[in-house]
Every structure is written in structure tokens, then in C-alpha cells.
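In the two complexes below, subunit A is the common chain; its partner is subunit B in one and subunit C in the other.
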Partner chain A sequence: MIAEAGLAALWLGAALCALQLVAAVLSLSARVERSRDTFDTAPGGTSLDFARDERGLSGLIRPVAVAQAVLTALAFACLIAVFITVDLSVKLVVENDGVGRPLMYRFSGTWGNHEGSMLMWVSILAVGGAAVALIERRLEERTLIATLGGQAVIGLGFYAFLLFASNPFARLDPAAPAGQGLNPLLEDPGLAFHPPTLYIGYVGLSIAFSFAIGALVTRDVRPAFARAMRPWVLGAWIFLTIGITAGSYWAYYELGWGGWWFWDPVENASLMPWLAATALLHSVTVLATRDGLRAWTVMLAVVAFSMSMIGTFLVRSGILTSVHAFAVDPRRGSFLLALLILYIGGALALFALRVGTVREGSRFDVVSREGALVINNLLLSVILGIVLIGTLYPLVVEAFGDKISVGPPYFNATAGPLALLLLIVMAAGPMMRWRREQLGIIARRLIVPALVLIVALVAVKALHPAIGLWPLLGLAVAAGVGLASLAPLWGRNLRRTPLHTWGMVIAHFGIAVALAGMASDSAFTQERLVAARVGETMAIGPYRVTLANIAPDFGPGWTALNATLAVKRGAGAAYELHPLARTYWTQGTQTSETAIQTVLDGQLYTVLGASAGEGRWQVRLWWKPFVTLIWAGGALVAIGGVLSLLGRLLRERRNELRKAEVWA
Partner chain B sequence: MKRQLTLWLPLAIFIGLATSFVLGLRKPDDRLVPSHMIGITVPGFALPAIGTDISGLSAADLATGKPHLVNFFASWCVPCAAEAPQLQALAAQGAPILGIALRDRPADMRAFIARYGNPYRKIGMDPDSRVQINFGGSGVPETFVVDGKGVIRYQKIGPIADSEVGDLLAALKTAS
Partner chain C sequence: MLSVPLYADSTMPAAQLANVQLPDPAQEAKAKALMETLRCLVCQGQSIADSNADLAGDMRSLVRQRIAAGESPEAIRAFLIARYGDWVSFAPPIDRTTWLLWAAPVLFLVAGGALVAGRLRRRR
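After this line comes the complex of A and B, so read on.
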């Protein structure tokens, strides 16, 4: 019953989405006609019917968008309900059931599969549209209607994809006696947070996309438009940042490979929208403050969400080989590809046709805040291009009959140096004034950070002569840029510094912190694989680790070998770590549960492998100095985003209140 | 006019991209992805046996000081049956072959061995391809040369042809 209710709600949501589109198209064309008719109609209105109609239609659009979101969210709630109650007459539940698993994993299992995650995708899209309909008051009404129309166009395609090619509510008749169980790797709190945050980020970018479409349709690309769009971009970007950071940490501790980024196609699929959104975030600021970069900003808004859709396509079509890939179905791939071509192709064609008619924005000097932001945008775009090429290169080469695979060496060697360059621009940019800046002033402001950079370079090289070039540069740049990113606070009254400036400083500082973590991890990580007997002691980094015991253990759905590792650092007190080698009895799947000790200067990462025979056990140990800075940096970036968003919203609210006072 | 043309550039790039997607989707699923793991130690694993007569397989069986051939195969895989004679030939010439059966059932595996012979010293069941992923493999059949320390040295994607038996023996020799 719940499944049918969910399916019905989804169909109704799709119907309302269609209505939203029709209302948008009609009311926009009606407005065009009315503006043509204005001179023919007597004041007081003989065309009353027409006017009422038009007002009715555009008045309809906001409530319809909200109702659509309510229905689709209801459908998603129904799916969660059948997953929590483990309704084995629903096909999707049978394929991913959580019988006997804790409530939390039955709940998060809802989106641990293709159909469920796709429904979540569409729900977020609908809720995002409703949020625009409810909250957005700054945008010109016509542009808003066009934006909601754009949102409806995107929605319709994905509703169709769900209903015709990925129905999550399909029944199984007769019901199955038992399910196939959830993938144990997904049985982790990470699944509850990582996909939803990432999806809010991905799909949130659809709002920027729709804004761009709306602006192109009405030819309204002005600072007011950019100011309206900025908080939405910032919101989506914050969630993307959190999602990527959380996903990286999740992969790090769950997969047990000791790495935090693998340049896997699906990871790249999340990185590319982030790069585009980061560029967009900066160019939208130029448009909002200086009325420059009009066409470029619109372009980026289109590209950012296009990257989200390409990512969705890559993950779900099985076109690239990846550890993340969902169950592969070529029909779904073709369906998504058709949507992709329609939306991205359509948006880019609209861009080419319309943006030429948008008046060019203001001009500026090369050495200026705008100039730095343009360089930032170019570098981000080039990195985006590199990641895109690296991800798709195997596919393109294959079209010519060759088979290759692109790995981390390519990405590190190409994107790495550009990222360092980008960081230096990031340090210098905020020190510049808008419009025009004197090179000498900037050079003087950069002296202290540059000195810090050089000192760090020499010091690290002296302490660790064997360090590689890139980790060395990474550490030095992190030190210099970390300091320089705090510069906008120098000589300011910290209490009076606007919140969004704090946000920028913290986010930039977070990038430097993350870079320090990455460089430190790649330079100083130690790894040992030991076939150890019980009682044997291994040395790693500053630690001495003794395999004290191996004991059987069990939990919901699994049995395990539980190793007791007695860990001692220097003269400190010993404590225990318990890595597990789990076997899930429903699928016979084996996973290793890492045990990680986090200390101030890094992490001790331990994994228990299989029996090595003759009473020996495989134990894998890593000592990773300062690795946690990677995710701490990511968190700082997200916090910076939140502060910036709050600052902008509060300031706007204040301005509105002030305006209201003036009028009163 | 020049500006007008640049405005169409993004669309042109996207059309190129979309074309490669279309070609990629239409191609049959025969992508060969070479392992990233060559030169790297195989991560630990322990796979159950199909019964009591042939033992299962764990990473420790690789780190014995002597090189091995590790063959990923499956009873449901037609090319695997096709390469069976070549594997027999390799075994007859003394190559130590270890099998990893992907997404298979013990009963089907027994039937497969009964029909095509057993060149394997040990066979581990890898029901969800985890070990295959750890090897950096992507398809079936696939054969790896792993040296005595458990480091992957060579990868043969797809069924072993008659002419390739010598290559594999040579790769085994260089690995020791």
C-alpha cells in the first residue's frame, strides 16, 4: 500500500512539474503579447479576461512548485518507509534489504542503490525549486518565472527517467522469501551523510543553471541578478564541499587502503562540479560588485550543473569502470544521455544565441581584484578541463580503438602544479582593490608571506633532505599562503570586519590547511605490512604496536576476527586498537574495519588482513603525520562558506529593514 | 562576428563530448583496463574453498618465495572454458596456477572443473569480485603473474591464446 501511495505521489509530482512548465511558458508569452498590446488597450482594461488569466498563471507557478516538492518528498518518505519496514514485496527492497540490520542502516539503505538515490536526486531538485519559489523575492518576476520554468524542464526529464526506466516502487509478485542484503561496505554512518550532502550540492547547482536559463530567456544579466543567484550558488557549494570532504574521509577509513583520494572517475565526477562552482562563486562576485564577466558567469552557471549531470551519467551508465558504479543498465545510460544532450546542448545553444545580445559588462585593469578573480577562474577552468580530459580520455581513445587507463600520476603531474599556482593567486587576490591596483603595493604586501614560504622551503628541506619536490613545494606554499590568506584581517577592527570577509579568510585559510595535510601525507607517510604472530611487536613511526590477541567477534549480520593491538608511543601509556576482519554471513562478503588512532600530529591507521598461515596474521600499519589536516581544511572551507552566506543574508536583511524605515 | 563564433564554441565542445558518450555506450562491453597494480603488492585476502578436496586461497599462498600465475575465471564465463586447454598446457609445463572463481557457486564450479579439467593448485571463491578489484582487474578471464613476494608483475587480459603460453612461462621466469 505504501509503495503504491509513493508511486502515485511521484506521478502527481511529475504532473505538477508539467503544469509548472506550461504555466511558465504561457505566462511568459502572455507577458510578451501584453507588452505588445499595451498601446491598443484602453486604460482600465478591456482585455480584463486576458489580464486575469495571465496573473492567474504566474500566480499559479509558485504554489505549484511547492506542491510538487511536497508530493515528491512524500514519495521519497514512502520509499524510506518500505525500506525501514523491509517490505519484501518491493523489488528494490529485496535487492537491497536490511533484514536484521540496525534502523539507521535500513534508513540510509534507501539511497544506497540506483533507484533510491535517483528518487532522492529528484526530491532535492523539487525541494530546491520550491525553496526558490518560496524565498526568492529579489529576482525580477519574469526572470523568476523563467527560472522556475527551467527547473520544471529539468525536473520533467528526471521524473520520466524515474517513472519509465528506474521505478523504485516496482512490486515483486510473489513476494520474495528473503532479500539479498545490503552491500556491507555501505553499512556505515558515512552513507547516511555523504550522499545526501553531495546530492544537495549537485542538485543545488541546478538552481544556478535555471537562473542562467531564466536570465538568458529574459536577457536580464545584471548585478541584481548576480546578487540573487549568489546565495544559491554558495549554498550548493557549501554542501558540495562537505559532501566531498566527508566522502574522502569515508573512503579513507572504510576501504582500508590508506588513501584519501584515488582519482576514481566517480570522485572526479564530484570534483568537477565543485571546481566549476568555485569558479562560479568568484565570477558571480565580480558580476554582483562590478558588473563585469556577464557572459562568463552565465556560462559557468550552465557548466556547473552540466558537470553534475555528466557525473550522474558517468556513475549510472557503466560507461567508465569505477568502484562506485551502480548496477549497470545500458537502457538507463541511453536515457540519461538523451537528457544530457537535450539539457546541456539546449542550454549551450540558448547561450550562444542569446548572450551576444546581452550588453557587455564593465571593463577593468589586469592588475585588480577582478583581474585576480579572472586568473582564478581561468586556472580553475583549466584544472576542470584536465580532470575532465583525464576522466574521459579512456572513453575518447577507445572510440579510436585503443584501450588505456588514466591514473593518479597524470592528475598529480598536471593538476598539481596548477593548483599550487592557483593558491598563490588566491593569496594575492584578496589584497587587491577593485578596478585598479598598483603592482608595487601588492609586491610589498606579499613580501612577508614570500619570506615565510622561502623559510619553510629551506627548513623542510634541511630537516628532510629526502623529500620529493612537489610535497616540499606543497608544504612551503601552504605555509606562505596560509599566512597571506589571513592578510585581509590585518589592521582591521576584527569585531567590525564583515562576516563575509571572515568567511573568505577562513575558507582560503582552510585551502592552505588542506594542502599542508596533503603534502605532509604524501611526504611523510610510513607503511608496513607484517605477517605477525600473537605477541610480536612492530615499529612504525613513533609507535610500537604489539599484536596482543586475535579473538572471534560478532555483530548484526557479521562475524569477525577482532585483533587487539597494544599501542605505545615513546614512554607514554599503552592503549588498545581493535581492527576487525569482518565476514557478512548473508553475502559471505569480507570487509576490513580499520582502527584509527587520531593524535595531534597525525593518525595511526591499522588494518587486520587474513590469516597468513602458521599462526601468523597480516597486519597493515600506516603512520600518517598531519593527515587529518586534509579534512580539517575541508571543514574550514565549508565553515567559511557558511559564514559568508550568513553575512550576505544578514546584510541584505539589514538593508531591507533600512529601506523600509526610509519608506515609513 | 568573431565573438559570435566563440559563443558557439562551448556547444561544439559539448557535441564532441556527447559523441564520445554515444560511441562509448554503443560499444559492447569489452573494455580492457590494464591493472594499476603492476609493481604493487596484492592487498591481503582470504577466499573460501569450493569444498574439502581443493583448498581455498589467501594472500599468504602468493608470498611463498616462488612466482605464481593467478587466473581469474568463472563457470559462467565462456572464454574461460575456451582458455582451459592452454591452462592445462601451462600446468603440464610446471607453472603453478592458482584460481580465483568470480561470482560463482561451488556446485557450478565443480561441474566446470569436471568438464574442462583442473589445472589449479588452489581455488578461492570471490563472490563479489572484491579480490579482483584489489588486483586491479576488470574482466574475466584475466591472468596475473605474481612474484614470490606477492607483487604483481604481469597481466594478461582476456583468454590465453595458444601462442601466448610461451609468453606467460617467460613472464613467470623473469618474476622469479
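After this line comes the complex of A and C, so read on.
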């Protein structure tokens, strides 16, 4: 019953989405007619008819967008309900859920699969559209209507995908006796937070995409448009930042080998929208503040959401497992691919048609804040291009019958140096004035950070002669850039510094912090892989770790070996860590539950592997100095984004109030 | 002796050096760096340095044994490529099929740079 209600709500949502599109198209064309009428001095009657018609339809758009979101969210709630109640007559539940699983995993298992996650995607898309309809007041009415129309176009395609190619509510007759359970790797609190945040970010970029479409349709690419778009981009970017940071930490502790980024296609799929959104965030600021980079900003808005869709396609079409698997069962993949080509192609075609009407923005010198932001955009775009081609190239080669792998050696060698360069631009950019800056002044401002960079370089090399070139450069650049990123606060009254300046400073500082963590991890990590007997003591970093005991353990759906590791640092008190080696009954899958001790200067990362025979156990230990800075940096970047968003919104609110006072 | 079975039998004990480091830290560092760039053939996108699969363990053991025997990392990579194809290496070679992949970053940078430079010059 609940499943049918969900499916019905989804169909109704799709129908309202179609209505939203029709209303947008009609009211926009009515407006074009009317503006012609006023020039042609047509008989009053017709003109009035059009006016009435248009008010009716454009008045319809906002409530329809909201109703669509309510219905689709309802459909998603129904899916959550059948998962929580473990309705074994629903196919998706049988494949991904089970009686007796903890409530949290029955809940988050709703989106731990293909159909459920696509329904979540569409729900977020609909809710995003409703948010624009409810909140957005700055955008010119025509552009807003076009934007909601654009949102409806995207929505329709994905509703069709759900309803025709991946119905989450499909029944199973007769019902299954038991569920197969969730993939054990997904049975983790991370699943409850990571996909929703990432999806809000992905799909949030659809709003920027629709804004760009709207502005192209109505030829309204102006600073006011950019100021309206900026908070939406910033919001999506914050969620992407949190999603990627959290996902990296999740992979780090879940996979049990101490790695935190693998340049895996699925990771790249989330990194690409982030890179595009970061570029967009900076170019939209140029457009909002200085009325420059008009066409480029619109282009980036199209590219950013295109990257979200490409990511969704890569992850959801099955093409990553194998191009051939994709070719054997191509229904879903081809559907997504068709949507991808339709939307990206359509948007680019519209861009090509209208770009001529986008007037050139205002001018600026090469050495200026705008100039630095242009270089920022160039480098981010090139890095994005590298990640994109590195991710897609193996697929193309495989389609021609060859098989290659593109992994860390390629991405580190090509994107790494550009990223370091980008960070240096990031340090210098905020020190520059808009429009024109003197090179000498900037050079003088950069002297202290440059000295810090060089001192760090020499000092680290002296203390650790064996350090590799890239980690060394990474640490040095992190030190110099970290200091330079604080420069915009230098000599200012900190209480009167605007919130969005704080946001920028904290986000830039966070990037330097994350870089320090990455470099420190790759330079100073120590590894100890041992086949240990109970009672044996191992030395790792500043720690002495004793395998005190191995005992059986169990939990919902799994049995495990539970190791007791007695850990002692220097003369400090001993404490215990408990890494587990789990085996899940239903699938027979084995996972390692790491035990991690976080201290100020790093993490002790411990894993219990299988038996090594002869009464020995595989124990894996890592001492990772300052590795936590990676995610702390990511968190700072997100916090900076939040402050910036708050600052912009509060300032706008203040300005409105002030304006109201003046008029009163 | 040094051969790698394509699918290791999981009932057999893990290969000798699958989960234990080489005694010489310099050799182990070399082996580790190589292992991080070799694909675990039965996993999804993981390197043999961070995989629980038995095959990955066997390949780790092979890498450590050959490094200990004094072979160079690139020779071991070439051996594995000869055996399993280019797919086993995360470092794509530069050849007829992959030249574009390696040229792309430079092309992007040059094209983007030219675009920006052209725009900025026109502005002045």
C-alpha cells in the first residue's frame, strides 16, 4: 500500500513538473507577445488578454514548484517507510535490506542502492526548485520563470528515468522470505550523512545551471543576476565540500589501509563538480562585484552541473565496472547517457546562440584582483580537464578493445604541480585591488610569506633529508600560503571586518591546512605490518603497541575477532584499542573495523587482519603525523563558506532594511 | 616459485610476504611505492597496497620478493604488464593509444592560456 502511494506521488510529482514547464514556456512567450504589442499599439483587448493570461500562468509557477517538491519528497518518505518496516514484497527492499538490521541502517539503506539514490536525487532536485520558488526575490521575474522552467526540464528527464527505467517501488510476487541485507561496507554511520550531503551539493548546482539557462533565455546576464545566483552556488559548494571531506574520512577508516584518496573514478566524480563549483564561485564574484566575466560565468554554471550529471552517469550507469557490462545491459546507462547529451548539448547550444548577445563586461588590468581570479579559473579548469580526461580515457580505450588504468601516478604528476601553483595564486589574489594593482606593491606584500616558504623548505629538508620533492614543496607552500591567506585581516579592525571576508580568509587558510596534512601524511607516515603472537610488542612512531588478546565477538549480522591492543606512548599511561576483523553471515563478506587513536599531533591507525597461521595474527599499524589536518582543513573550508554565505545574506538584509527606512 | 596464480585459493595460507614488510626499510619503501601504483585485478579501483583480496596479497608478496632479490621496480612493473597487460599498472605508458592522455594537460594549459591572453590583450 505504502509502495503504491509512493509510486502515485512520484507520478503526480512528474505531472506537476510537466505543468511547471508548460506554465513557464507559455508565460514567457506571452510576455514576449505583450512587449511586441506595446510597440505595435495593438487593440487594447488582445493586450489585456495576454496580460491576464500571463499573470495567471506565472502566478501558477511558484505553487506548482512547491507542490511538486512536496509530492516527490512524499514519495521518498514512502520509500524510507518500506525500508524501515522491511516490506519484503518490494524488490528493492529484498535486495538491500533485512529484518533485524539496526534501525539506522534500514533508514540509510534507502539510498544505499541505485533506485533509492536516484529517487533521493530527484527529491533534492524538486526541493531545490521549490526553495528557489519560495525564497528567491531578487531575480527579475522573467528570469525566475525561465529558471524554474529550466529546473522543470531537468526534472522531467530524471522523473522519466525513475518511472520507466528504475522504479524503486517495483513489487516482488510472491514476497521473499528474507532480505539480502546491505553491503557491509555501507553499514556505517557514514552512509547516513555522506550521500545526502554530496547529493545536495550535486543537485544544488542544478540551480546554478537553471539560473544560467534562465539568464540566457531572457538575456539578463548582469551583476544583479550574479548576486542572486551567488548564495545558491555557495550553498551547493558548501555541501560538496562537506560531502567530499566526509567521504574521504569515511574511506580512510572503513577500507583499513590508511589511504584517504585513491583517484578512483567514483571519487573523481565528486571532485569534478567541486572544482567547477569552486571556479564558478570565484567568477560569479567578479560578475557580481565588477560586472566582468559575464559569458564565462554562465558557461561555468552550465559546466558545473554538467559535471554533476557526468558524475551521476559514471556512478549510476554501471559503466565503471566495465564498459562491456554496460553494453550488455545498456537500458539504464543509455537512458542516463541520452539525458546527459540532451541537457549538456542543449545548454551549450543555447549558450552558443546567445553568447553574442551577452555584452562584454567591464575592463580590468592583468595585474588586479580580477586578473588573479581569471588565473584561478584557468588553473581550476585545467585541473578539472585533467581529472575528466583521466577518468574517461580508460573507458574510451576499453571501448576500442584495449584496457589501461589511469591512477595516482598520472593525476599526481599532472594535477599536483598545477594545484601548488593555484595555491600561490590563491595567496596573492586577495592582496590585490580590483581593476588595477601595482606589481611592486604585491611583490612587497608577498616578501614575508615567501621568506616563510623558503625557511620552511630549508628547515624541513635539514631535519628530514630523505623527504621526497613533492611532500617537501607541499609543506613549504602550505606554510607560506597559510600565512599569506591571513593577510586580508592584517592591520584591520577585526570586529569591523565583514563576515564574508572572514569566510574567505578561513576557507583559504583551510586549503593550506589541508595541504599541510596531505604532505605530512605522505612524508612522515610510518607503517608496521606484523604477523604477531599474543603478547608480542611492536614499536611504531612514538608508540609501543602490545597485542594483548584476541577474543571472539559478535553483533547484528556479524561475528568477529576482537583484538585488544595495549598502547603506550613514552612514559604515558597505557590504554586499549580494539580493531575488529568482521565476517557478515549473509554475504560472507569480511571487513576490517579499524581502531584509531586521535591525538594532537596525528593518528595511530590499527587494523586486525586474518590469522597468519601458527598462532599468529596479521596486525597492521600506522602512525600518521598530522594526518587529521586534511579533514580539519576541509572543515575550515566549509566553515569559511558558511560564514561567507551568512555575511552576504545578512548584509543584503541590512541594505533592504536601510532602503525601507529611506523610503518610509 | 615466483609465479602468481590468477585466482588465489583462499583456503591456502597467504603468500609469505603478503602482509609482512621487508626487513630493509629502503627496500620496503621501494616496494611500497611500486605497490601503490599496481592495480588489484579483482577489486574495484584499488591498488594492491590497499586491498584485502588474496590475489593482491600474492602480488604484494611477489613485489617484495623481487625487490629483495635486487630487481628494479620498473623491471617488476614490466614483468607484470607482460603478464597481465597495461591494465595492471596505474601509471599509463606513453604509446600510440595514450599519447593524447599525456598531452592533454599541456594542451589544456596552452589553449586556456592563449584564450585568456587573447582576451586580456583585447581589453587593453
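Here is the rule we use: the second predicted complex is superposed on the first by the 640 of 664 C-alpha atoms of A that agree within 3 Å, B and C clash if a C-alpha of one lies under 4 Å from a C-alpha of the other, contacts with A are read in each partner's own complex, and residues count from 1 in each chain.
Note that in this section a contact is a pair of C-beta atoms (placed from the backbone, for glycine too) under 8 Å apart; a residue touches a chain by one contact, two chains touch by 3 or more.
None of these values were measured; they are calculated from a predicted model.
Asks: Do subunit B and subunit C fit side by side on subunit A after the overlay, or clash?
Replies: In the superposition, subunit B runs into subunit C.
Asks: Who does A:410 touch here: subunit B (first), subunit C (second), both, or neither?
Replies: A:410: touches subunit C, not subunit B.
Asks: Using the touch definition from the top, say if A:528 reaches subunit B (first), subunit C (second), both or neither.
Replies: second
Asks: Is A:395 touching anything from subunit B or subunit C once the two structures are fitted on A? First, second, both or neither.
Replies: first
Asks: State whether A:378 touches subunit B only (first), subunit C only (second), both chains, or neither.
Replies: second
Asks: So, does A:259 touch the first partner subunit B, the second partner subunit C, both, or neither?
Replies: Touch partner of A:259: subunit C, not subunit B.
Asks: Determine, under the contact definition given at the top, whether A:542 touches first (subunit B), second (subunit C), both, or neither.
Replies: Neither subunit B nor subunit C is touched by A:542.
Asks: Look at A:366 in the shared chain and tell me whether it touches subunit B only, subunit C only, both, or neither; answer first, second, both or neither.
Replies: A:366: touches subunit C, not subunit B.
Asks: In the superposed arrangement, does A:498 touch subunit B (first), subunit C (second), both or neither?
Replies: Neither partner.
Asks: Pick one for A:386: touches subunit B only (first), subunit C only (second), both, or neither.
Replies: After superposition on chain A, A:386 lies in contact with subunit C alone.
Asks: Indicate the residue numbers of subunit A shared between its subunit B interface and its subunit C interface, in ascending order.
Replies: Overlap of subunit B and subunit C footprints on subunit A: residues 257, 321, 403-405, 407, 529, 531, 590, 609-610, 612-613, 618, 620.
Asks: Show which residues of subunit B lie in contact with subunit A when the two form their complex.
Replies: The touching residues are 3-4, 7-8, 10-11, 14-15, 17-25, 27, 29, 31-34, 36, 41, 43-46, 48, 58-60, 63, 125, 127-128, 130, 133, 138.
Asks: Spell out the residues on subunit C that touch subunit A in their complex, using ranges where they run on.
Replies: Contact set of subunit C toward subunit A: 13-14, 19-21, 32, 36-37, 39, 44-47, 49-52, 85-93, 97-98, 100-102, 104-105, 108-109, 112-113, 116, 120, 123-124.
Asks: Under the touch definition given earlier, write down the residues of subunit A that touch subunit C in their complex.
Replies: Residues of subunit A touching subunit C: 255-259, 262, 264-266, 320-321, 363-366, 371, 374-375, 378, 381-382, 385-386, 389-390, 393, 397, 400, 402-410, 414-415, 418, 527-531, 590, 592, 609-610, 612-613, 618, 620.
Asks: Can you name the residues of subunit A that touch subunit B in the complex?
Replies: The touching residues are 257, 295, 299, 302-303, 306, 310, 313, 317-319, 321, 323, 330, 333-334, 337, 340-341, 344-345, 348-349, 351-352, 355-356, 392, 394-396, 398-399, 403-405, 407, 529, 531, 587-590, 607, 609-613, 616, 618, 620.
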